[in-house]
Each structure stands twice: as C-alpha cells, then as structure tokens.
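Please go over the structures that come below.
Shared between the two complexes below is chain A, which pairs with chain B and chain C, respectively.
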Partner chain A sequence: MGRWEVMVGNKAIAYAAKLARVQFISAYPITPQTSVVEYLAEMVASGELDAEFVNVEGELTAQTAALGASAAGARAFTATSGPGLLYMHHPMHATSGGRFPVVMAVIHRSVKGMQPDHSDMMAQRDTGWIMLECENSQELLDTGIMAFKIAEDERVRLPTIFAGDGYILSYTAEPVEIPSQEDVDAFLPPYRSSYPLLPGLAEEARRVQMEQWGIGQDPQLRWRRQQEAMEAAKMVIMEVNEEFYKWFGRRYGNGLVEEYRCDDVEAFIVAMGTIASTARTAIDRLQAKGRRIGLVKLKSFRPFPSEEFRRLGAMVRAIGVIDRNISLGSGGITFQEIRSSLYDLEERPRILGFHAGLSGKEVRVGDIEMICEKTLRAAKGEGPPSLVEWI
Partner chain B sequence: MSRPIPLHELGDKEYIDPANQACQGCGGAIVSRLVSKALGEGFVRAEVACCGPAFMNIRAPSIYVEVFEGAGALMTGISRGLKRIGREDVVVMGIIGDGGTVDIGFQGLSAAAERNENILWVCYDNEAYMNTGGQKSGATTLYAATTTTPIGEYSRGKLERRKNVPLLMAMQGAPYVATASVAFPEDLLGKLIHAKGIKGFRYIHVSSPCPTGWGYDPKDTIKVARGMVQSGLWPLYEVSDGILRLNYKPRELKPVREVLKMQGRFRHLNDEEIDRIQREVDTFWRRLVAKDGGEIF
Partner chain C sequence: MIEVRFHGRGGQGAVTAVRILASALYLEGKYTQAIPMYGTERRGAPVVAFLRIGESRINERDLVHNPDIVVVLDPLLSRTVPVTEGLKEGGLIVMNFPKPGTEAGIGGRFMLATVDATGIALEALGRPITNTAMLGAFAKASGLVSLESLEKTLLEHWPGRLGEMNLRALRTAYERVTPPVDVSGIQAQEKRPREEIFSKDVSSWRIFKPQLDEDRCVGCRRCYIYCPEVAISMIQGKARVDYSSCKGCGICGEECPTGAISMVQEAL
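Entry: the complex of A and B
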C-alpha cells in the first residue's frame, strides 16, 4: 500500500526517481527544475537513495554524463527546464542514437521568459526521445516510474522524457499517493543492459558501435531502426499503462491519449499538460448545459498517436486543438500533426487550431469554453472549414 | 612517480589493428597503439570528435559519441555507471584531441578534474584541428601557420601563446598529471602504467606531431617529436600529488631553430620571431628546472 502526502510537483518527480531506484543522477540547477535535484540530493545525503549523485557544471554535461552512465549499464536520470533543455539538445541526439534508455524530467519553461509553455520540449521534437506529458503531480510521479519501464523495454531502448508545466505543477502542492517501494520493485525490476560497455564484450560492443556509426551498412539503417522502435513504443506504452493500473489502480487513458467525456459527442478539443485540467472543468460546465463536446488529452507527444486520432476523428464533426507552442513560420505543432493524421479519413472532421498559454499566459476556464463553442459551431458547419486563432 | 618501461616488456600482443585510416606518420595512431598496449585487456575507451575515429580500430570496448565538447562528461558517466554495476576495476580512458581537450572540451575537462572523477584522460596533441584540415586551436604554438592563421601581408600565423593545460590540471590538484611524447615511448608507457594504478583523475598530455598539418615528411614524425623535447618546446614532466619532476633533463637544450625549421608551419619565421620563441622556451624551462623535485605551489 502506498501513502499520501501533500507535495509539490518537483517532489513527486524526485519520488519517481527514488522509487525507480535510479543509480545515476546528474544535477544542475535551473528554475523551475532546481528543487527536483535538491530533493534527490537530500535523499542521497540521508541514505534514503543509494545512487551516484553528480553535480555537473552544465546541462550539456548533465545529459552526456547520463548517456555515459547508461552506456555502462546503470539506470540514469536527469532533469531540466527551458534553456537548460536547449543546452542539452546536442547530446540528446547522441543519447537516442546510441539507444540509451536515459529518463529525464522536463519541467516546462518557455524559451522566451521564465513562465511555462511547451516551446522547450517542442524544440527537441526530432531528437528521437519518447515524450510523455503530465497534467498533475500524481501523473508526474506515476509517469516517471512508467518511463523507465518503457525506455528500458528491449523492443524500445529509447530515452524518455516525462514532462509537466513549470510553476503550475513544480511549485504547487497537492495530495499525491506514493506507491510502496515493494510494489514499485515488483513493477519495475532492476535495469540490466544487454550492451554494457565492458571488456569481454568487445565484439558485441563493436557491432553495436558500428551500427551507431552507420559503418558497413546502409547509412540510413540506424534512422529506420529508431523509427521502428518509436512505432513499437506505442504498444509498449499502452502495455505499461495497463500493467501500472493493475499494480497501482491508476492509468492515464490508454497511455497515449486520454478521452474525457467523449461518449456521444459531436466535437472534442485536444490539450496537453495542465491545460487539460482546466479543460475538464470547461467540458463539465458545457455538458451540464447540454453541449455535446468532450476532451482528448494528448499524453504521448512522441511517439505521436496518429492512429488514435484517426479513430477519434472518425467519430466527430469538429476538433479544436489547443497548442501551448508554435513552430514559427508554420503554426501549432499538435494542430498540424493531428490534422495530418486525419488526412486518410473518408469523411474528415473540421479542425481548428488555438494558440494559448505561451510564455505562461494564463488560460482560464472561460477561454476554453470559448474554444469549445467555436469548435461546436464548426461541427454544425458554420464558419470556415479550418481556422487558427490566438487566445 | 613513474619509471620508464621499454616496449618489449609489454610482450608482443597488439590491440590496435595494423590497418587504419590515419595519415602516414600519424603521431596520434602511435599514441593509440602505445596506450592500448599499456592498458591491455582491462579498459574501455571513450571517444569524441577528433582524428581518433580514424584510428579507433583498437580491440577494446569503445564508445563514440558525436559530442565534441563532451569527453569529460562522457567519461564521468561511464566511470560512475561502471562503479554502480560493480566494475570499478575497469579503467575508463579517452584518447582525446587537443581541440576536445583545451578548447571546446575544456569546461568538461576542468569540471571532471574538480570532481576528481576516476578517469584517465590522454590528450594527443597535434596542435590544431587536424581532422577538419588544420585550423588553429588553443594548443597551437606561437607563430604557427594554420588554415585559420595563414601567412600573408597582414598575418604572421598564430599570435597567441598555447594554453598550458597540463599545469592547469596540476593546479586543480589532479592526483596525476604528465606530459609525454611519441618520441619517448618508454617514458610514455611508464607514465600510462603508473597512471593505471592510481584512482582518481589522471591526465597525460602527449605531443603527437602531424605531418599533414605541420608540413614535414611523414617518416620524420619521431625526429620532429624528439626535437620538440630536446629543444624544450615540449618538456617532459609529471606532477604527482603536487610534486613536479622533470623526466628529461639534458645538460643543455638544443636551439629551437633546428626543429622549427623542419616544419612547414614555421617556414615563414624571421630571426626576431624565432628569438621570441627561444626566449619563452628558455624562461619556461628555467622555471621548470627550479621546480624540479619540489612542490609546484
């Protein structure tokens, strides 16, 4: 049995790493991530957690050292925010390219300003990491534990981010159930690398190394293998989500997306992170007034659940997508990817895009109600077939 | 302190494949051969961007990551990870170029030394970014012509002195710091084997002449390397727990002119410039001799 404690999101993240019995932590401060590594430092100092705790001199080293520890066969963890994540960008490609199952917590901070949006993680979109988004502190703790199981699965072997909005989660206290160590140990066995960097494994290490370099083979092969691992990860994420439910009684939709009150609706909105929590209230209010609109929370940004959106898109007449990000010169990133996923449908729903919450701009329930009303109007065939708005 | 070890004492076994992609006369390939012979079976090798991937063909578990600046971090992680899986016996070693050591990798190097990570950092120093065609680095000697410090009406080559990273590492309190040269293999092997037995941060900086970048006949690599040491351009010394010892101490240094003139990169030097290099070498040598056998600070 677990126990309950009122804690901030950053402490929930630290508990996830502790319960996963991480063996290596690279730590570097950046607001609003800093207290994650402070909590872990205290856990190591008190003997609660037995791990290598390395105070590094920058995020680039934090990432590269975690990569090295993972290559040696240890379970490695690090955490960062915003500009720190940008500084890690370069070695993040090496971590995924080497297929090292490092797990990292990202506490979102905008790349423009201190407040949260998803621009920091979206700038890592193509680094080959699995990216799982969380909406509250309980989900951070649970997803953190699941992240190790997903990353280390032999079918996957990809580094994994679990993320939550800075400030809104990092420094806000709420009740969180901490699973017991015994249950987590049973759910998540110790990490045993199949390819530790060790003498005696020279030939195998060289083979893996050559594959990473793309030497002696189709140079594209390593890209293809990584993409295949990403595809395989969809199934693994769903399996792990179900297994977690069996052990701990909590799950997050099917692991990829979570439907909230989507039965018998004519439209739904899509949101990631804490905006999804606000959206639940908006949906409740509107459904109480008889509006037929639901919410789909996007949990797995990478791999992107295109199949799920095709399935869900076939059931409605309009979708409103909220993006706490923008690809400047192009548009909302999840809007575009969902829109692209719907292309193969015989009858496509209308799709609207909304930019909201960038650089921490507050997103109120009323804002989301307005987004819902616009989406419902589109479902009735009113207005243009597609639209992008700033909230 | 180390003791010179002749090559034949290490037996016939080679760990580097006879064929590799290094240039003819590559000093770095010699470093790789000697390092792998000295360390034998019990090491893993970390590699970042440099000429190193050209002579990566060492029969040892190796990891290469395209993170030029990340050698200190990579070795830190491997060393801590191996400790966690109960394999602290394995030596974590990197053969890192001068750019990845004194320039782009310096932050990670300095921090790894500060943390006294249990790693062996071997810098093979060819005094420029030779893998990309010979651009100036922080290790390039004063006045040397490189592709980014070319000789022209308004340029006399590199105008800055080289960074003295071995002494910086010694001043950070690393347990073992040494310089070495491919022309003195017994000295280098002795230092490697001595370093192998020490726990903590170990740093060996090896002068590795590059015929392609320095502009001399590939058969003369050892001759040039030896001339560098004999003239005091590259003194051989080691610092163990703060005590400095000169490993090569001739009664009189040879003039620098001779070895400079063997290299195309110094062909443009006039007497005044050679004199300045000579004065700086003499001063540094005098200070080193004064410290020989004593504390460096």
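Entry: the complex of A and C
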C-alpha cells in the first residue's frame, strides 16, 4: 500500500526517481534547474537513496554524464527545464544513438521567457527520445516509474523523457499517492544492461551493438533501427501502462492516448499536459448541456500514435487540436502530425488548429469551451473547412 | 468546489500558508490544489496564491478568478491592490487588520472578519510574518478546516521550537478573530494607483519604518551598502533614508553597528 502526501510536482518527480532506485543522477544545479534535483540531493545525502549524485558545470555535461553512466550499465537519471534542455540537444542525439536508456524529467519552460510551454521539448522532437507528457503530479510520479521500464525494454532501448508544465505542476501542491517501495521493486526490477561498456566487456558489447543497431554498416541502418525501436515502443508503452494498472490501480488511457468521454460524440479536441486536465472540466460542462464533444489526451508525443488518431478520426466529423507550441514558419506541431495521420482515411474529418498557452499564457476553462464550440460548428459543416487560431 | 485567494507581500508566507492549508484539508478528506503565483522574488512585493478545495481530483489548471474567500495577510495591501476583485457575492474576506471590519475601507456585498495578525505574529514569533496567524483566523471565520488538522500539519512542517511558536500564533488568532460582519453598507475606500511588482514607490509596503538617530550615526556606510532598495544615501557623512524607496525590510537596522537605526511600526 502506498501513502499519500500533499506535494508539488517537482517532489513527485523526485519520488519517481527514488522509487525507481536510480543509481546515477547528474544535474546542473542552478537556474533553469528546478527543485527536483534539490529533493534528490537531500534523499541521497540522508541515505534514503543510494545513488551517485554528480553536480556538473552545465547541462551539456549533465546529459553526457548520464549517457556515460548508462553506457556502463547504471540506471541513470537527469532533469532539466527550458533553456537547460536546449543545451542538452547535442548529446541527446548521442544518448539515443547509443541506445542508452537514460530517463530525464523535463519541467517545461518556454524557450522565450520563464513561464511554461512545450517549445523546449518540441525543439528536441527529432533527437530520438521517447516523450511522455503528464497532466498532474500523480501522473508525473507514475510516468516516471513507467519510463524506466519502457526505456530499458530490450525491444526499445531508447532514452525517455517524461514531462510536465513548469509552475502549473512543478510548484503547485496537490495530493499524490506514493507507491510502496516493495511494489515498485516488483514492477521494475533492477536494470541489467545486456551490453555494458565496461573494461573487458567493452569489445564484446561494441560488437553486439554494431550488429544489432546497424552501426558501421549501411550508414542509414542505425537510423532505421532507431525508427523500428520507436515503432516497437508503442506496443511496449501500452503493455507497461497495463502492467502498472495491475500493480497500482492507475493507468493513463492506453498509454499512448486517453479518450475522455468520447462515446457517441460528433467531435473531439486534442490536448497535451495540463491543458488536457483543464479540458476535462470544459468537456464536463459542455456534455452537461448536451453537446456531443469529447477529449483525446495525447500522452505519447514520441512515438507519435498515428494509428490511434486514424482509428479515432474515423469516428467523428471534426477534430480541434490545441498546441502549446509552434514550429515557426510552419504551424502547430501536433496539429500537423494528426492531420497527416488522417490522410489515409476514406472520409476525413475536418480539423482545426489552436495555439494556446504559449509562454505560459493562461488557458481558462472558458477558452477551451470556445474551442469546443468552434469544433462542433465544423462538425456540422459550418465555418471554414480548416482554421488555425490563436487563443 | 471552494476557491480561495491569498494576498500578501513577499516574505509574509502566503505560499507556505496555502500549502499548509492544502495538507490540513487533505487530512480531512478533501482534495486540494495550492497554486503559488511566482513573479520576481522581491521581498515586500505584492504576491497572490490560490487554493482549491474539492471532493474529488481537481482538473482545473487555470488560476482562480472568482474566489469564494479572500485572505489578506497584510494590513495596508488593500489600499493599493484590489483584494475584492472577482470575489463572489456574499463571499468572505479574512483580513489582517487591527480594527473592526467596518473600518477597513472595504465595502461591497461581502462578509469581513478581521484580526490583528501583525500584532499576534510579533508577540508569538517576534517577526511580522503573518501567515500562520491568518490560518487560525481563516479556520475560525470560514469553518472549513479544524484547528486540530492545522496544528498537526503545522508541526509537521516546522518540527520543534519554530512549530511551537507558530502554533501560538495560530491559536491566538483563532481565538481573537472577529465574527464576520456585513460590509455591504460601507463605502469602499478610494484606491491608490494599482501597485505593480516593479513599483518604484514602495512606501506602502512598509509595516516598519527605519528611523535614524543622526547623533549615533558614524557614517560607516553599512546601511548604504546593504539596503536592497538603494533607499539610503550618504549626505555629509551621515545616512539619509528616501522614504518613497524604502520598503521597511529592516536590513539597515540589523546592519548598523551603532544602533543609529531603529524600526518603528507605521501607524495605520
């Protein structure tokens, strides 16, 4: 049995790492770092957590150190935020390229300003990391534990980010259940790398790596193998989500997406993270008024669940996608990816894009109700066939 | 769901207050959400924090715009900050104010309970940190949380002597807070221009004011160096305070080696 505590999101993240019994933590300790590593440093200092805690001089090194520890076979963790994540960009490619299952918490902070949006993580979208988004602190703790199991699965072996909005989650306190260590130990056994790059073993490990992951052969092969691992990760994420449910009684949709009140609707909206949380209230209010609109929460941004959107898109007449991000010069990132997922459908729903919450702009329940109303109008064939709006 | 907004100044502990309250209410089987609003961390600047109280998990992640209850940790804040903005009709205000609610300059269809939290905090803690006193007042005036749950949470938050001191503030305010009075017949006081985080004139932030004894000033410049607001200038070898820039933090008084600066409580 777990116990409950009212805590901030940063503490929930620290608990995830602690319960996963991470063996190595590297962190740059100053702004834009969050109190995640402060909590972890205390846990290590008090002996509650037996891990090597390394303070480094910058995020690039934090990432590289985690990579090194993971390569040697340790369960490695790091955390960062906003511009700190941008500094990690370069070695993040190496972490995924080497197939090292590092897990990293990202506390979203805009790349323009201190308040949250998803621009920090979206700037890493092609680094080959799995990216799982969370809407509340319980989900941060739970996803943090699941992240290790997903990342370390032999079918996957990819580094994994789990993320939540800065301030909105990181410094907001709410009740969170902390699972018992025994249960987490049973759910998540210690990490045993099949290919530790340790002296003596290194040569063999390198040989296996080269064969399995396509290094040193067709130069494109390693990319292809990584893409195959991403595809395989979809199944693994769903499995881990179900297994987590068996142990702890909580699950997050099917692990990739969660349908909220989508039975018998004519349209749905799509949102990630805390906007999805607020959207639940908007959907409740509108359904109480008889509106037939639901919510699809996008939890796994990478791998991107295109099949899910194809399945869901076939059931409705319109979709409204909320992006807390933008690819400047192009548009909302999840809007585009969902739109492209729908291309193969015989009959495609209308799709509308909305930018909301960038640089921490507040997203109120009323804003989401308005987005829903517009999407419902599109479902009835009213208004322009496609639309992009700034909320 | 019940929504509460806390107003205070940096250093008065509004964020800690909502967190303690969230934990105490959780002990009583409520779901809670304590949201701090971070700006620049400037001691004395106006701050807000929010609390949501529900029966099940709270999904709203926006801020609180129409609170049921407003708690004001600072006696002068309501002169420059619109503390009743968005407060629901019939809503409750719990305010740190040493006089009856009808004299607080707040009017509207609200109920107002007052308590001299600054006085209580000075007695119990020796510092004008009013958060725990205001939690006691909140518990009594709102009836939403028991004193026992607050006491338990408080001692968990501050084990030992600090906890005991805060317990005293909590209990005293619980006893002394006035019953809420109807202020619908009261004319609300004219607001001074709205105060911003970057305000230059910070005189309204003061609860204490530094008073200089020129005879004891030896011109060592310590106060001048340490004042975080650059409110002190050295004129002909003596310190002088520019009171429009002084926020009353008391650092100059702490630093002065000769005791030339004493902090005197501002009259309300």
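Methods note: the second predicted complex is superposed on the first by the 375 of 391 C-alpha atoms of A that agree within 3 Å, B and C clash if a C-alpha of one lies under 4 Å from a C-alpha of the other, contacts with A are read in each partner's own complex, and residues count from 1 in each chain.
The rule is simple: contacts are C-beta pairs under 8 Å (C-beta built on N, C-alpha and C of every residue); 3 or more make two chains touch, one makes a residue touch a chain.
Being a predicted model, the structure only gives us computed values, none of them experimental.
Contacts of A:Glu38 after superposition on the shared chain: neither chain B nor chain C is touched.
Once the two complexes are laid over each other on the shared chain, residue contacts for A:Glu373 go to neither chain B nor chain C. By the touch criterion defined above, A:Glu177 reaches neither chain B nor chain C. In the superposition on chain A, A:Glu243 makes contact with neither chain B nor chain C.
Residue contacts after overlaying the shared chain place A:Val54 against chain B, while chain C stays out of touching range. When the two complexes are overlaid on their common chain A, residue A:Arg280 makes contact with chain C while staying clear of chain B. More residues of chain A are touched by B (comparison of chain B with chain C).
Contact with chain C, but none with chain B, is seen for A:Val6 once the two complexes are overlaid on the shared chain. When both complexes are overlaid on chain A, the residue A:Glu362 reaches chain C alone and has no touch with chain B. In the superposition on chain A, the residues of chain A contacted by chain B and by chain C do not overlap at all. Across the complex, chain A is touched by residues 18-19, 22-23, 26, 31-36, 38, 57-63, 65 of chain C.
Chain A makes touch with chain C in their complex at residues 4, 6, 135-136, 165, 167-168, 171-175, 274-275, 277-278, 280-281, 362-365. Put simply, chain A touches chain B in their complex at residues 23-24, 26, 51-52, 54-58, 60-74, 76, 90-91, 93-94, 97-98, 196-199, 201-202, 205-206, 209, 212-213. Looking at the complex, you find that chain B touches chain A at residues 41-44, 46, 59-67, 69-70, 72-85, 87, 90, 107-108, 110-111, 114-115.
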